[in-house]
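You will see two complexes here that share chain A, one where it goes with chain B and one where it goes with chain C.
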Partner chain A sequence: MKRILLACSSGMSTSLLVTKMQEYAKSIGEEAEIWAVGQDQAKKEMEKADVVLIGPQMSFLKSELQKEAEKYGIKVDVIDMVAYGMADGKKAYEQALKLMGEK
Partner chain B sequence: MEKIDLQQLTNEQIAFQLILHSGNARSKVIQSLREYRAGNKEVASKLIEEAEKDLSLAHDIHFQMIQKEAGGQNTELTLLLMHAEDHFMSTLSMKELVKEMLELFKERNL
Partner chain C sequence: MNQTFEKLSKILVPIAGKLNNSRYLQVLRDAFMLAFPLTIFGSIAVVIANLPFLDKVMSEGSLNTLREILNVAPNSTMGVMTIFVVFGIGYYLSKSYEVEGIFGGAIALASFFILTPFVLNVEGKEAVQGVIPLDRLGAKGMFLGMLTAFVAAEIYRKIVQKNITIKMPAGVPPAVAKSFAALIPAVVTLTVFLVANMIVTQLFHTNMHDVIYNAVQAPLVGLGSGIIPTLIAIFVTQILWFFGLHGQIIINSVMDPIWNTLSLENLNAYTKTGEVPHVISKQFIEVYTVGMGGTGMTLAVIFAILFFMKSKQMKQVAKLGIGPGIFNVNEPIIFGLPVVMNPLIIVPWIISPMVVTFVTYLAMSSGLVPPPTGVAVPWTVPIFINGIMATNSLAGGILQLVNFAIVLIIWFPFLKFIDRMNLQKEREEETAKNAS
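Right after this comes the complex of A and B.
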């Protein structure tokens, strides 16, 4: 089971992306738990995740979050601009897998 | 980055584009203040300039929608689009304010 956490300032836009990523994961027969939170909950939620993707509006928090994520040995990255801008679930999912593979 | 042609995008993608560019700007505005605090005044000014470029991309999307509406073609209103507009407007005011603050700090040699 892959556990992917998405975070943006309010958790709204990423919620939509979550739905699209879930659809894609399902279409290729993979089991994944993907969920979105607002930026305040990101630190608390990441202990349950294998990887954290954040929205462009909080990319300035990346190093701060990465520091926290090191406690759990997971990676944090900003969602790829093209994937985000086109609300592309497949691309975002693949980005998450790649980050998990690198850990 | 070049201008975005709305014709090729779904309503949802339009909202995401708006959030993306406003979001990039928002991050740079905050980063700019942080760089200034760290003593990197030039980096701070550069980040504000970059944020303005991101905001002009966002503004262009916003403007195309307004023009479409003026031409009698209404955009479907969704909560996501309102959220995107909210992102854009709040980042615009944030940028204006931070830009003024940085000028003030510079004048006072802070």
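Right after this comes the complex of A and C.
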């Protein structure tokens, strides 16, 4: 079971990508829990996640979230801009897997 | 060109991060969010009380009764908004320092009341003692409220953190222990405000409300209600988004206290007289800039692409963007078209919101279209509907359609140019594929 947390300003625009990522994970037969939250909840929700991806418009959150994520030994990265804009579930999902693999 | 953008981006990202993570701005944001559900409740009542056809189906007497009943809702929410903001700041600031939030909120509120004169001055009549003038708890007291709450919560948490508290032995119920723990910090904080109030009232024969209102609030709000500062705020928001940064999160946390105060003043005047004093307000910004498909008013861009452009890549982005775009979410366009770091788009991206804002301002200040009444409209309400709701007039929606056309015209040549480039690229890829 892979648990992927997405964060943006209010969790609204990233939820679009969440659906696409879930669809992709399902299509390759992987079990994954993917959910989106606003920046305020990101720190709290982190403990339930294996990896955190942030919307590119909130890229300035990275260093702050990174600090928190180190406590749980997980990675934080900014979602690739093009993947984000095109709601490319496959690309974003693969980005998450890659980050988890580097653990 | 791209290198210059990258360099600028490297400067902007840390600044944006600092502003976004600033403790005070974060607390301020949360405190206004605390009042949000209440504001919506009050707004619904104002909308119902001012439905345009009511005077045709009801007698004047029963309409007045209905308004009397419904106006309680805005009066007890937006009318006393400063109370909620003061409590919210006290609570969230204390919480951010990991000290007991609820006492922080209560102490902030008490400090604010200490500075509030419990006297009502009516011109030409004797002052009424023992009442709290309502306007001091609404828009007029907003800036003093915010300042007081921040100072009070800071003093309170410092004393708690220095551990100057009464500690109860183990076994005492936690609620009792907590209230004793807050005793010394509360007494010290409130004493500071009591002394401050004493100095201002006894030595200078005025009160803190009038001092802050005249020295801080009136000039700042006056400045914020002008068209030039508004255009600057929009310009900076667009620039930030151009670099892929969430512009509103950064600009609004600075401007919201001013814009919200203007809205409250508008709503107060509107429920009392039906007139609106300020053109610029929170709703002006939300409904007439963001409320047209998202930042940069991109619903018009999506339409232009769907109806007039041919390249596959653009069509795909537009199809993806139309659903969320109707509800003013436009990240697909910003990152997919893309707008971010795209030198071909920077011109319409920055120019069109500024032109549209200027047109809206002219239309409203000339009286052609009524300005927003101060009724809160959630930012996800679609174009046209949100315009009518915000201004309580069909003209408000029609103005948005005019604005929509302006955005479309400004963007069109730029989109056509990109479309032609994309088509050429797509054709080349096609021939390359066929050749191999």
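Criterion: the second predicted complex is superposed on the first by the 103 of 103 C-alpha atoms of A that agree within 3 Å, B and C clash if a C-alpha of one lies under 4 Å from a C-alpha of the other, contacts with A are read in each partner's own complex, and residues count from 1 in each chain.
Definition applied: contacts are C-beta pairs under 8 Å (C-beta built on N, C-alpha and C of every residue); 3 or more make two chains touch, one makes a residue touch a chain.
Note that the coordinates shown come from a computational prediction; the quantities given were computed from them, not determined experimentally.
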>> Once both complexes are superposed via chain A, do chain B and chain C end up clashing or fitting?
In response: clash
>> Which partner chains sit in contact with A:E64 here, chain B, chain C, both or neither? Use first/second/both/neither.
In response: second
>> Taking the superposition on A as described, I'd like to know which of chain B and chain C A:G55 touches: first, second, both or neither.
In response: both
>> Looking at A:Y84, would you say it contacts chain B, chain C, both, or neither? Reply first, second, both or neither.
In response: both
> First (chain B), second (chain C), both or neither: which does A:S13 touch?
Replying inline: both
> Looking at chain A, does chain C or chain B touch more of its residues?
Replying inline: C
>> Superposing on chain A puts chain C and chain B in one frame; which of 240-248, 258-266, 276-284 or 366-374 is the clashing stretch?
In response: 240-248
> Common interface residues of chain A with chain B and chain C?
Replying inline: 8-9, 12-13, 16, 55-60, 81, 84-87
>> Show me the residue ranges of chain C that touch chain A in the complex, using the header's touch definition.
In response: 13-14, 16-17, 20-21, 30, 241, 244-246, 249, 316-317, 320, 324, 329, 331-338, 340, 380
>> Show me the residue ranges of chain B that touch chain A in the complex, using the header's touch definition.
In response: 9, 12-13, 15-17, 19-20, 22-24, 26-28, 30-31, 34, 80, 83-84, 87
> In the complex formed with chain B, which residues of chain A make contact?
Replying inline: 8-10, 12-13, 16, 55-60, 81, 84-87
>> Touching residues of chain A toward chain C in the complex: what are they?
In response: 8-9, 12-13, 16, 39-40, 55-61, 63-64, 81-82, 84-87
